[in-house]
Amino acid sequence: MSILINKDTRVVVQGITGRDGSFHAKKMKAYGTRVVAGVSPGKGGESIDEIPVYNSVWEAVHTKGANTSIIFVPAAFVKDAIMEAVEAGIKLIVCITEGVPTLDIIEARRYATLHGVQIIGPNCPGIISPEKSLVGIMPGNIFIPGHTGVISRSGTLTYEVVQNLTKAGIGQSTAIGVGGDPVIGLFYKELLQMFQDDPETDSIVLIGEIGGDAEQIAAEYIKNHITKPVTVFIAGAAAPAEKRMGHAGAIISSGSGTAQEKWKAFEQVDVPVAKNPSEIPSLLLSQLKG
Amino acid sequence: MKIHEFQAKELFEQYAIPTVRGKICKDQDSAAIAYSEIKPKAAVIKAQVLTGGRGKAGGVKIANNEDEVRQKTKEILGMNIKGNIVNKVMIVPAYPIKRECYLGMTIDRNKRCVVVITSKAGGVEIEEIAAFAPQKINRYLIDASIGIPDFKARNIALSLFDEMDQVKQTARVIQNMYRLMLEKDASLIEINPLIEDDKGIIIALDGKMTFDDNALFKHPDIAHLAELSDEEIKENEAKTKGFSYIQLTGSIGCMVNGAGLAMATLDLIKLYGGDPANFLDIGGSSNPQKVIEAMQLLTSDPKVKVILINIFGGITRCDDVANGLLAAFKQIKISVPIVIRLTGTNEDEGNKIIADSGFIRSEDMTQAIQKAVELSKI
Amino acid sequence: MKIHEFQAKELFEQYAIPTVRGKICKDQDSAAIAYSEIKPKAAVIKAQVLTGGRGKAGGVKIANNEDEVRQKTKEILGMNIKGNIVNKVMIVPAYPIKRECYLGMTIDRNKRCVVVITSKAGGVEIEEIAAFAPQKINRYLIDASIGIPDFKARNIALSLFDEMDQVKQTARVIQNMYRLMLEKDASLIEINPLIEDDKGIIIALDGKMTFDDNALFKHPDIAHLAELSDEEIKENEAKTKGFSYIQLTGSIGCMVNGAGLAMATLDLIKLYGGDPANFLDIGGSSNPQKVIEAMQLLTSDPKVKVILINIFGGITRCDDVANGLLAAFKQIKISVPIVIRLTGTNEDEGNKIIADSGFIRSEDMTQAIQKAVELSKI
Amino acid sequence: MSILINKDTRVVVQGITGRDGSFHAKKMKAYGTRVVAGVSPGKGGESIDEIPVYNSVWEAVHTKGANTSIIFVPAAFVKDAIMEAVEAGIKLIVCITEGVPTLDIIEARRYATLHGVQIIGPNCPGIISPEKSLVGIMPGNIFIPGHTGVISRSGTLTYEVVQNLTKAGIGQSTAIGVGGDPVIGLFYKELLQMFQDDPETDSIVLIGEIGGDAEQIAAEYIKNHITKPVTVFIAGAAAPAEKRMGHAGAIISSGSGTAQEKWKAFEQVDVPVAKNPSEIPSLLLSQLKG
């Protein structure tokens, strides 16, 4: 099993005629994802790599049974794209686009939540359940199927960690990049619980960042609700204060949101923290054996 | 993006939030002229700087006559407040305050919504109230699907005032603040203090605003208010090219794709005893021109002794990066060693392209970083 | 409340919905002057009446020169269209139409939301399309929590046009219509036809609007547009006093509280062979002054041979009604018999008050109605 | 049992300091309803007939455990009052006020529905479960407990019908006035189903009006989902066309929405239609016996 996506996931690509949209639509399809449709208003009737393009998500849902959407449209159009997906009946939305205004995502997410629709992202690399489905922009080749769930605020750092896991023979049940923005859809708490409930996941890797206190809240949540072993890495220990470290959410503000605080929060609830991503596999294995 | 008090107050006026704007002065003479409209009442001289804690640092002073206005303006101008040099002050009439309180609006990351924060203990910094009297702080989460209807504004205002006259005025301030927040994509609006004056009128005596950088494209009028430090100008230039760039003080120039990996790269450089010269995330989209510009940025820093390139291809394709590097070499003379680690999407193509380039290649991040640290110490 | 085409088009302009306004003329001379700006092109002369089906009734004519303009204006002015006398026409240039369609927005009672209705078969009445080609009608329900975002406007517009240029123009029209609907509390906005002209421009060639009477208090600008018939003026006067009043043609004056009970009262009067003079619902709030005014209204109709008062007290208290009746008697001379049935909240108090009044009392509705019918036939 | 309200219903009166609000708060309390609080901004701390008044519904919910609200505020403030009740956690809202703009109620109802909150009204007489709870303005004395559910678009006509039922010894499980406006909260379909599911209800009286096609839809719904006997009365057979008969919703428009159409719809599905409200008891009894 896996969480969020599996073999039955039927993906519609919003913004499929753009550079990134078409590139990754093909990559996802090549990986084995059921990419059933693309959307690009005014280009209905065309096709990209034999994926039919529609004018609206509604058509994609009602003609091709899409249940999951991946969004590549420019930041200015993301709010609208999410709301379109929700109204069309999509159940899971993965938003890759970066640079989305925070209040746009707050409004779109609120609408989605009221309709029971889940969002991953924005500004994220998406989701992969190795050898089942890839709804994202991850390089599929570094992932192998297995029993470790991965949750990360970062994109490429996730690949780094996963490559280390894979080299150590630790496969992944599902890996999710939640996105680096201050306000995002599903986050640690919800995903930790999904992995806890997933019988095929036996351990979890959590990759955090400086900024905010989501990691501190996650540590508290792990203490109270998660029985499976968790291993943590936090990026940004060397970051200066008051600077946005690339991600809109990664900023140490008024001395709060530091890596050191976050390390402490996890260590207090006995969750091991790696200081180099390459240490993660051994920390994980020692817990699984212990 | 932060703006000054006087700029925030201009926006307040546009949004019908009652405030006192005062005059902006850059020297003693103009301060004296500004005071001529206020005298014989007392005036308040307020440093205009893009940071908090101005009051504590001595950047706000009361003056009772022209001499004092000149004297205190002189004291404040040129002051260094948390690294910001004061080059202008606002002169406002001292206001009769019956009651003062705190009213702020910002984003609650965990609840994923706007939050309104109020406290009857106004005039002090909210962080201080939070530390010493957290029970005096009220937080109201705003449901984006309805915003702040009358009932909600009224209920929030009731946390600050008891009389319906002040409650109604404050409720309107709250609704106007929210409209300002939404229409201009603010990430923070703070009125501290919000006062009731001796006639029962509610006034925003101070104003602080921060805007969402991601939304500035919608608001040229706001973007236009930016007053950037030299450092920020350099960072912004990088941003227009599609990078995130932050200048640091070390000798290892870094070019990484992805903020998390870039942060982890800095962390490991420090862990292995090195010192990064910068944070540079070349972002999520693969475009050869970007790589060229990134290399130019790195080589323009004379402190850089070695360049470390750490690319893990996802949305950024390794072959694009490799092509960019070769193109950059044709355009820029690079005299420092380059350590490169290229893996992920199209990594074979990428590595083939740079095979004969003379870069020091490594497939492993730790190894690449250790090599760069080593070279930086030669 | 209905408004004229030319009034609707003024609102369209305020809301950036492209339209052609034309000139309003009340006689042949002004029509000829209006035409002087159009000639030598053809003009369309359109009756301005507050009812549909104008085209079928001959209220819209094309004229190719000044003589025809005068002639056809003369034909249309004074026309009776479904009981409405035409006293003004609109003169507009005939428009080059490439394609015409239907775009309407109204309330879906069952779904409890705004519904947008589109059809490629424009220019004909929507009821006709609905009857003969229902498959040509599209209905889009609007979720009040998000209104009509860009995607929704676009998807609706795609039901009318295929080219993105026209789709984008139409999407803007739809969003502006919705803003107009919300901001002015319209209950119907109909553009029939919405056309694409020979240059590809989307234009609202006609406009029909109805407003929610319950919301007119918010919109004095709209209320001000009302053009009432004599009958409506009388009904509106009653309304300002808190009644619902509708003039009918029979001899039994009715005063009832509650619309449902008032309707049922009329139904039973007819069922038992009588003929009601009016519908009068004195509404939900109990106020003696209202009863006085209601009695004045009833007794002012010379056809009334008997007055039937049917009150079931809920929010209206029987004692208030009774007091009102006694007070009314002191002020108005009433020469017709009065049958009264008073029951519900405070009914004992109410019946006690009128015990010695000389009214014909009945506790049963059927009995009271039968008695009134009987008296009306004497 | 009863539907919507019962002995556990804890009522807050919004607009309790107004003339109608205070009058009916007292009446409801006298009837035995647990009127736990009133709301009137700026009058918090006062009391009406020993019912404490608060500044906000939130206080009423959190201090006195109110779960049901009845609204008497002027029409211009109804939208806000409904949204306040929803946000405060009220689960059932009864809106008495008449003259509420249709788009206001559409917006407020949408918000309520998204939060699983039920609305009765506006422009309605409320709900009564005889001898259990009265959340409305009905004259309690004409109702007796029993097994007939009553649904009506009218106010005083409902009392008329109920008085006839009561005189015939037919008690009521719950009687609901749904309101006479074009757009209202719970309507025939939802309430018919609740009565169908209520074990103590054995029959239903439905009192309709001209205007719209809700009765036609109800007839169809009865045919497919309701097994308990239903008796119908429709007001407005004598109404002229294109006139609003007091209720904003009661208008025959373009020849549609007539009583005759509605009679036909019920007769087609074998639901007996009374032509005089006084016939309802006998029609009902003959079905219960038959």
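Going in written order, the chains are labelled A, B, C and D, and every chain counts its residues from 1.
FYI, contacts are C-beta pairs under 8 Å (C-beta built on N, C-alpha and C of every residue); 3 or more make two chains touch, one makes a residue touch a chain.
The model shown is predicted, which means the values in this text are computed figures rather than measured ones.
A count of C-beta contacts for the chain pairs A-C and A-B puts A-B on top. Among the other chains, the CA centroid farthest from that of subunit D is the one of B. Between the Cα centres of subunit B and subunit D there is a gap of 54 Å.
For the pair subunit A and subunit B, the distance between C-alpha centroids works out to 26 Å. Once the centre of each chain is set as its mean CA position, subunit A and subunit D turn out to be 48 Å apart. Looking at subunit D, one finds that residues 111, 114 touch two or more other chains.
Counting partner chains per residue, subunit C has residues 143, 145-146 touching two or more of them. By the touch rule above, subunit A contacts subunit B in their complex via residues 19-20, 24, 27, 75-76, 96, 98-104, 106-107, 109-111, 114, 125, 137-139, 142, 152-160, 163, 180-184, 207, 209-210, 212-214, 217, 233, 235-240, 243-250, 254, 259, 275-278. Considering their complex, residues 41-42, 55-58, 77, 79-81, 83-84, 87, 111, 114 of subunit A touch subunit C. Within the complex formed with subunit A, the residues of subunit C that make contact are 143, 145-146, 149-152, 154-155, 158, 164, 167. Contact residues on subunit B toward subunit A in their complex (touch as defined above): 107, 109-110, 112-114, 127, 143-145, 181-182, 185, 187, 212-215, 217-218, 244, 246, 248, 256-264, 266-271, 276, 279, 281, 283-285, 311-316, 343-345, 347, 365-366.
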